[in-house]
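Just so it is clear, A, B, C, D, E and F label the chains in written order, and each chain counts residues from 1 on its own.
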Amino acid sequence: MFSITVKDHVMIAHSLPDPYFGPAQNMHGATYVVEASFKSPSLNEQNVVIDIGEATDILKDVLQEMAYQNLDELPQFRGILTTTEYLAQYIHGKIKSALREDLILKVELFESHVASAAYEE
Amino acid sequence: MFSITVKDHVMIAHSLPDPYFGPAQNMHGATYVVEASFKSPSLNEQNVVIDIGEATDILKDVLQEMAYQNLDELPQFRGILTTTEYLAQYIHGKIKSALREDLILKVELFESHVASAAYEE
Amino acid sequence: MFSITVKDHVMIAHSLPDPYFGPAQNMHGATYVVEASFKSPSLNEQNVVIDIGEATDILKDVLQEMAYQNLDELPQFRGILTTTEYLAQYIHGKIKSALREDLILKVELFESHVASAAYEE
Amino acid sequence: MFSITVKDHVMIAHSLPDPYFGPAQNMHGATYVVEASFKSPSLNEQNVVIDIGEATDILKDVLQEMAYQNLDELPQFRGILTTTEYLAQYIHGKIKSALREDLILKVELFESHVASAAYEE
Amino acid sequence: MFSITVKDHVMIAHSLPDPYFGPAQNMHGATYVVEASFKSPSLNEQNVVIDIGEATDILKDVLQEMAYQNLDELPQFRGILTTTEYLAQYIHGKIKSALREDLILKVELFESHVASAAYEE
Amino acid sequence: MFSITVKDHVMIAHSLPDPYFGPAQNMHGATYVVEASFKSPSLNEQNVVIDIGEATDILKDVLQEMAYQNLDELPQFRGILTTTEYLAQYIHGKIKSALREDLILKVELFESHVASAAYEE
């Protein structure tokens, strides 16, 4: 199995309005450093899974939707607890839709130097 | 010159309401991974600049004030552009006040894997 | 599959008394930076695998048992070669016991910037 | 499943002579920071997957073949697009041949702080 | 003293044709992960040393000149040993020329996970 | 001012027998990831501060003395609190003695992902 991984980041505000989250119920924010890994059992004619430049552009485009936004005010996240796990799955879905190739995808969001969340097929 | 450095992080929301900041004028947020470096020309009787546990506790206490907060709503930041540079200096001042020893201090805030800001004496 | 990963560290002394280990037969030590990853095919009602704070606390508690200890003197490690692989499995077992949820667990111990060992189900 | 991971690096020149690669068709180069992970369902008598020193030496030896070389001029790469994915598989094969144990192997090449490629069985 | 630091990377080929460099006399290459730090004793009206976006763009533009190039063939490096130290100073000069503000600048090039070189005023 | 930085690591056991250190009074240990930075206002004829290979070898040789050792049992550390700060200065002295050139030196020891200590002239 081959894979390539690219990295970008996005800065957002949100709140997690459920007593489960303690102080994170407040409006706060995060920098998510996002790694997207694209996997395939074989390489294409150019010996790549996907061009690293193309993968980087797709990730950048997908993150653009939430860059410098308050997620609480975006209609796609209305009434949803936008946890790091949820956002990993959401970004995963968006990248999948943008891909022309049928690649296996993993998305990991690092919310600090000591915590991350991921979603993979 | 001796130094020790400790690291912690804090997740906040804020906006930067000046056209200079483009999309960052919106309510958004950041994870700041914060490094505090304490410098001294000599060591104390225990061969340390400052106990790493004590330095870690001071940094944690100072960051507690803004943890999971919207900086726009805190009175100490009213009317202030809370840039990463500004916050580095603000945290610097708070740590200095909490220190019993007269140590030279540098504070660096990493807002992503590709950008940071620092303030030092 | 969803996952979250948290990180902590522990500083220990031990020896590896078998000629196989060359100079590491001596009493020496290590800082292990420990990553614990918790995986689940679904999220709970709060859209998380496990609360990051709870995961962090569990990891911290498990590491407490060996923090600042000489593993050669702890009864649970008597007569055992406490390699990084073995300790990854040991910590894995301890975290599993502390978990209320039935999560798939991976534990990785980074013993330096160039070497790590892991155990996963 | 147990695993250990070791890290080394190699600096090479090459070109990717296919219009698909845009500016990377030029003679350029890369530092590849290479991680080799060795996996096994069980440990040996010394409680290790493979000795970290032995794993480190094997990786170093394998990388030696291309260290400070122009890959375009090495016979083993004649007419081949030496992408990061391809090189991950190539290094994977060389390490497999050097291993006495039957271990599952993953090789990941980090070509920068924002991109990597991997090959695993 | 305030500072901000931004990071980018560039992939180049070159040789170091002096017996001093042993195997690095061969045509080989490197990924340089480049950190540029901009320092100032004061902040501007927007509470920044320099806009992080502007700093990032300047660094990207400067690196563009050598991206995917064989430095041995560029006229500006004719007859010059393009060591990491030399390139740090060269990039430093180019960034200084592109800056409108009079900022103190440090440039550090990481050529691997275990070695870097820097130039600062 | 030019500088180059190289990195290596060493694994040791020791105790800090003073009540000031709480649980670290016990026999425990650490992996120190050690960065040595060599600074000079000018480059030599080969456009380097010092050859990276030579700097790497010097650092490796100096660390060899304490590799896989219990510092409490080494005569050079008898009766000394071998804190990270102290060891940074000790290693600094040893590297200085091994240097043929008159370079300014900084030594930083990372004892975990969240704490380090340094000594510089």
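Heads up, the rule we're going with is that a contact is a pair of C-beta atoms (placed from the backbone, for glycine too) under 8 Å apart; a residue touches a chain by one contact, two chains touch by 3 or more.
If you're wondering where the values come from, they're calculated on a predicted model, not measured in any experiment.
Colleague: Starting at chain C, what is the smallest number of hops through touching chains needed to reach chain F?
Modeller: Each step joins two touching chains, and the minimum needed here is 1.
Colleague: Of all chains present, which has the mean Cα position farthest from that of chain D?
Modeller: B
Colleague: Would the interface of chain A with chain D count as same or different, where same needs over half of all numbers used to appear in both copies?
Modeller: Under half shared, hence different.
Colleague: State the chain with the largest centre-to-centre distance from chain A, centres being mean CA positions.
Modeller: F
Colleague: If I rank D-E and B-E by number of C-beta contact pairs, which comes first?
Modeller: D-E
Colleague: Given a C-alpha superposition of chain B onto chain D, how large is the rotation in degrees, taken in steps of 5?
Modeller: The superposition gives an angle of 180 degrees.
Colleague: Taking each chain's centre as its mean C-alpha position, how far apart are chain C and chain D in Å?
Modeller: 27
Colleague: Would you mind pulling out the distance in Å between where the CA atoms of chain C average out and where those of chain E do?
Modeller: Distance between chain centres: 39 Å.
Colleague: Where does chain B touch two or more other chains at once, residue-wise?
Modeller: In chain B, residues 7, 113-114 touch at least two other chains, as defined above.
Colleague: Once bound in the complex, which stretches of chain A touch chain D?
Modeller: Residues of chain A touching chain D: 1-8, 43, 46-49, 51-53, 56.
Colleague: For chain B, which residues are in contact with chain E within the complex?
Modeller: Contacts found on chain B: 18, 20-22, 80-86, 88-89, 113-121.
Colleague: Which chain F residues qualify as touching chain C in the complex?
Modeller: By the definition above, chain F touches chain C via 7, 9, 11-14, 23-24, 26-33, 67-70, 73, 111-114.
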